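Several structures are given next for inspection.
Same chain, two partners: chain A is paired with chain B first, then with chain C.
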Partner chain A sequence: MSAAVDYFRGPWHIAVFTWREGIRKKTLVGFLILSLLVIFASFFMSSFLNQTTGGGQVETEIDGKLIKDICVATISIFGMLITIFISASVVPNEVENKVVYTVLSKPVRRMQYLLGKFLGVQMIVLANLALMTALFLIAIYVRQDEFPKLLLWSALLTYFEFLVVSAFTFAISCSATSAVLPTIGGLFIYLIGNLTEYLKDVSLRSDEADFVNALIGNVASALHKTLPNLQKFSIKTEILDLNPGAPLPAHVYEQIPNLIIYGLAYAVSGYVIAYWVFRRKEL
Partner chain B sequence: MSVVIETKGLSKIYESSFRGQDVYALKELDLTVNSGEIFAYLGPNGSGKTTTIKMLLGLIFPTAGSIEILGLKDIASAKVRQNIGYLPEGAYYPDFLRGEEILRFYGQLYGLSGKKLETRISEVLEEVGMTHARRRMLRGYSKGMRQRIGLAQALISDPQILILDEPTTGLDPIARKEMRDILARLRDRGKTLMISSHELLEVELISDRAGILYQGEVQKIGTIDELLTDRDLTIEVESASEEVLGTLAEKGITPEDKIEGKLILRVPNDMNSYDALNICKEQQLNLVAVAPRRETLEELFVRTVGEAQNRSTT
Partner chain C sequence: MKKHPNLTLAAILFVAVAIGSIQGQRLDRLFEAEAFLQWIAAAGANERLDMDETEATVDLELYGQVAGATETLFAAKLPEGSIEEGHSALSAALETGEYDDEIYRMVKSDELAPMREDFLSKLREGELRYTQNLSYAAVMSGLEGKGSVSIFNLFFGFRKVAANFVWLQVDRYWHAGLLHRMIPLMKTCVLLDPNFVDAYLLGAWHLGYNVTANLDYTPYPLRQWSEKHQACLGDQETYYYIAVDFLKDGIRNNPRNYKIYFDLGYSMYREKLKDPENAVKYLTYAVRLPHERWVPRMLYISLEENGQYEKALEGWQENLKRFENHEVSLRFVQRLNGLIAERKSEEAKQAARAASDPSEKEAHMADYRKYTAEAMEIWNGMSEPYSEARKLRLEAIDRADQGYYLEAVSLLDKARFDAGSLFEEFSDLIIEFKLVGDLPLSVSERKQMIREEESVMCQGMPESVRDERLAALEAERAVRH
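Moving on, here comes the complex of A and B:
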């Protein structure tokens, strides 16, 4: 037990250090301020519409829908940008400014170092998501006068979607010398992750009789099975469309643990790839 | 005096994917650093100094050869890491942190905590003369102060060995002198210091041994006294005509410098001092001063590297 605590003590301190440094990054703060402004603006926009239509139950629901749509889009876009940006930059930046030399010359193994950096990234991503979600919840609460508990489930799934992209962006960053390539890589992963479902269509439509066609089908099938499918997390939008006070439908509730495990499995895979790349990296 | 760092046949080859030619960053380096000494690791840019240091720290990996630190081949072991402090050249420390916070972070990586850590932070800050600035943000530090806080992070675990990459580069003369004094004090306390530097005058003043590296190979290694054996004489005279200088040159006495109108002549070390003075007298030169002279580390460095360059081009 003591050995395990000792082992994780180093990564924990590195994570806290990463968090403290990360939350001060100007680009990240800029993204966050922008997203909070948009969320805030959605609230004012709905207030304006309320005044012009005279209010009432129907208008309140429309307002709520407007706020939800704007906020969900904002959290998805800015949250993902923050996730990619921070995941892509923490390791290359430390290699560039030589902090990694001072850390790895201490009794810190590369696996511990990466674990600390990855945990630090997740702390930043979670904090940003929590801040944006909190403002979103307040906006909905003020407009609909009911605490939208269901949105917390949606936020949870959004985090696991971010986690998958973050892990693979982090893995790319461990082989890169600057944050540019991993940032592009992260955006690519996000894009691919949302298109994976189409690969299934390709594999289903392929003609087994034609060699080239069959080959494309098999490759598409293999990619569909291995690449993360971010569309699986789209259930979060289904949750958003429910009445905030309504109970979570059973079929949605059942999927949540699976999606969490799915996200964690891909995150662990991303971390393993990151370590495999970084293990013998010449610094 | 025990050996704390030893490399045998240490080589680093970078494979060139385009030209098909391998680049030798380090060639079969045999090096020893003894306990309690200041070892100056010298060489021009690209000679392999930083490559060696990075291999000692496990940041890059040797192509061939072995490294032993404190008698252990596993240089990533906790025992080795606990006993090595490293100050990289031009390292960055986050501006938003206070001096003591930086040290707290690095101390925690060594497993220090609580009162023990706070005591150690106070000790190292005292050691590097930074107690007054411990609560100040790093953005308010001068370059010299940053370098001293960098040294403090290397010292936080009270390591036996300190590896310092360019510890005085970019510092003003006062900060350089202060840093030199700190390093000398550390050596006097029994620490082993391996210093890579281009500030040869600084290094000469405090080092016990030096090694000169060129193109990945050690050209010279030894104690400072062993290395700087060339001793000669300088004669300062009022002035000398071109004709007189020509006559002196034929006899081996060459002009070395001109300071405030006075001419400094260098007498070769195989010439008797009295003979040199008689030659000057014959040429009716007005003598101002006569002084013995030892070759400096800088001169030895330039000569050694120059010879190595000539050998590599022929």
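Moving on, here comes the complex of A and C:
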């Protein structure tokens, strides 16, 4: 037990240091402030609707819906940007500043160092997500006078989506010497992760009679089955349409744990690739 | 790990990717089951409400198979009397949400596996109609057919936000007076977000009320017969039915939201199409779902308009129990008691006319006098234009029975202007008395009679329907006279 505690003490200190360093980054703070501003501005979005629907002739719940949809989108977009920037920069920055040499000269293994960095990144991502979600909760509570508990499920799934992107961006960052390439890589991972479904389309459209065509179809099918599909996490927006007073429907209740395992499996894959790259890195 | 680090890492990576891949496929199966469930919910709502869909034969056939397979199970579980005649137990089970978990288990079960596969293959081929709400689940499992580009993917999961912005544009078009541009955008809006209930409600309101406000009345001979709606459509009616279809799509995609049922029943069928039968039908479903407290009152009003006085009376009495001394309920209870007494008196009079035995005739006439007195007493107890007008109507009938048709007509003429809500009913009665009493009809009354005759025929109407409607009109006139 004590061996395990000793093993994780090092990563924990590194994680805390990464967290302290991360929250001071101006870019991240900028993104966070911007996202909080957008969430706050969603209160006033309904003013774009003229008298027909915005509290004039007809009473509707459109402004409540506007707040919900805009806030979920804002959290996803800004949260993803924060995740990509922080995951892409923690390791390359330390290599650039040569801090990594000092750390690794201590009795800290590369695995521990990397684990600490990854945990630190997750702490920052979680803190940002919690802040944005809290403001969103307040926005909804003020508008509807009801605690939107479904939002918590939505935030949980959003985090696991971030975790997958974070792990693979982190893997790219371990091979890079600056944060630029991993940041671009992270954005591509997000885009590709959302378009994985098209691979299935390619495999369905392939003509099995033609060898090359069939080969492309099989490769696309294999990639579709192995690559992470971030669209699966889109249930986070569907959840908000459910009745907040009723228990979660059985199908949603069954999908959530499966999505969490799905996210964790790909996060572990990303982390293993990161370690594989980092352990061979000449430092 | 120390001896073969690369091999170990490769093994861990392989296992993690394999778990992710297996989990991904498991999620696909869950999404397929959810898509099947959502389709069943839409088809079930369609069956429950008898919403005729001639284009959805494939859906109806498949739903019939699913309902047949689950009939025994749900028929045993549902309380007695909850399954309406001609409907499946599945559609009744889908109504409230109480059996949702059970339905979901059924949907995933091996028993329904062949139907689920059939559903998935039909969905891929694009043969099903009630699939608007499936985009999410369907695209997850690649169900939207070969070569399709899903709008879901195009917006990276942010299609609800896109729907909101499309709605802002609809609103702008409305204020710019570009009504013709609104319809395709409203349809796009609900395609992007089938759960955008307010888009259905406001869209139907624009179509039914605002777009038609500047359209002229179309005389029946110029209207076109619509096979789908079994009605003669002029310019206004065309938009009313577009709104009706729009709201029906909304019900299929959101079968548990009372607001759409309410708007369809009250705002469209009652207010615009003057169809109290359908108004009662949809308002009844609205009341069964969680609703605002004014919804049942609209149902009771529609029940009264549909001639279901006893049911309306029960409703208002129930309302009175819930809200003691509620003035409106009290007034409606009195009014319905009066209407029930009036109806009984008319039935007694008809029975007396039909009876050949003098003693039987006398007994019916005694009933007639009793119920008329009862109605008069109720109207005397109320002091409002409506009750005064009803009293005048009773007096007019009495005069007409004695052969004083001119007096009867003058009483009704006064009464119809005293209570605006009775204007049409009393105007018809005036025509009836004038015809029976051989009094000359005014120009507007003649026009009304022509309109009545024309209302049973329009362009493109099949002859069989025309003959049927003409026969019904003749029969109605014969009863009146």
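In this section, the second predicted complex is superposed on the first by the 266 of 283 C-alpha atoms of A that agree within 3 Å, B and C clash if a C-alpha of one lies under 4 Å from a C-alpha of the other, contacts with A are read in each partner's own complex, and residues count from 1 in each chain.
Everything that follows uses one rule, which is that a residue touches a chain if its C-beta (ideal position, glycine included) is under 8 Å from a C-beta of that chain, and two chains touch if they have at least 3 such contacts.
Here the structure is a predicted model, which is why all the values come from computation and not from measurement.
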{"item": "Fit or clash between chain C and chain B when superposed on chain A", "value": "fit"}
{"item": "Touched partner set for A:Glu254, first chain B, second chain C, both or neither", "value": "second"}
{"item": "Partner chain in contact with A:Ala265 - chain B first, chain C second, else both or neither", "value": "second"}
{"item": "Touched partner set for A:Lys149, first chain B, second chain C, both or neither", "value": "neither"}
{"item": "Touching partner for A:Thr237 - first (chain B), second (chain C), both, neither", "value": "second"}
{"item": "First, second, both or neither for A:Asn194, with chain B first and chain C second", "value": "second"}
{"item": "Which superposed partner A:Val99 touches (first chain B, second chain C, both, neither)", "value": "first"}
{"item": "Touched partner set for A:His13, first chain B, second chain C, both or neither", "value": "first"}
{"item": "Superposed model, angle subtended at chain A by chain C and chain B (C-alpha, nearest 10 degrees)", "value": "170"}
{"item": "Chain C versus chain B, contacts on chain A by residue", "value": "C"}
{"item": "Minimum Cα separation, chain C to chain B, after superposition on A (Å)", "value": "13"}
{"item": "Footprint of chain A on chain B - complex, ascending", "value": "54, 57-61, 76, 78, 81-82, 84-94, 96-97, 105-106, 108-111, 150, 153-154, 157, 163"}
{"item": "Chain C partner contacts - residues on chain A that touch it in the complex", "value": "48-50, 52-53, 58, 60-62, 65-66, 69-70, 72-73, 76, 194-195, 197-198, 200-201, 204-205, 225-226, 228-238, 241, 243, 246, 249-251, 254-255, 258-259, 261-262, 265-266, 268-269, 272-273, 275-276, 279"}
{"item": "Chain C - residues contacting chain A, complex", "value": "5-6, 9, 12-13, 16-17, 19-21, 23-27, 30-31, 33-34, 37, 97, 100-101, 104-105, 136, 139-140, 142, 146-148, 150, 152-153, 156-158, 160-161, 163-164, 167-168, 171-172, 174-175, 195-198, 201-202, 205, 256"}
{"item": "Residues of chain A that touch chain B when the two form their complex", "value": "6, 9-10, 13-14, 17, 20-21, 24, 97-99, 101-109, 280, 282-283"}
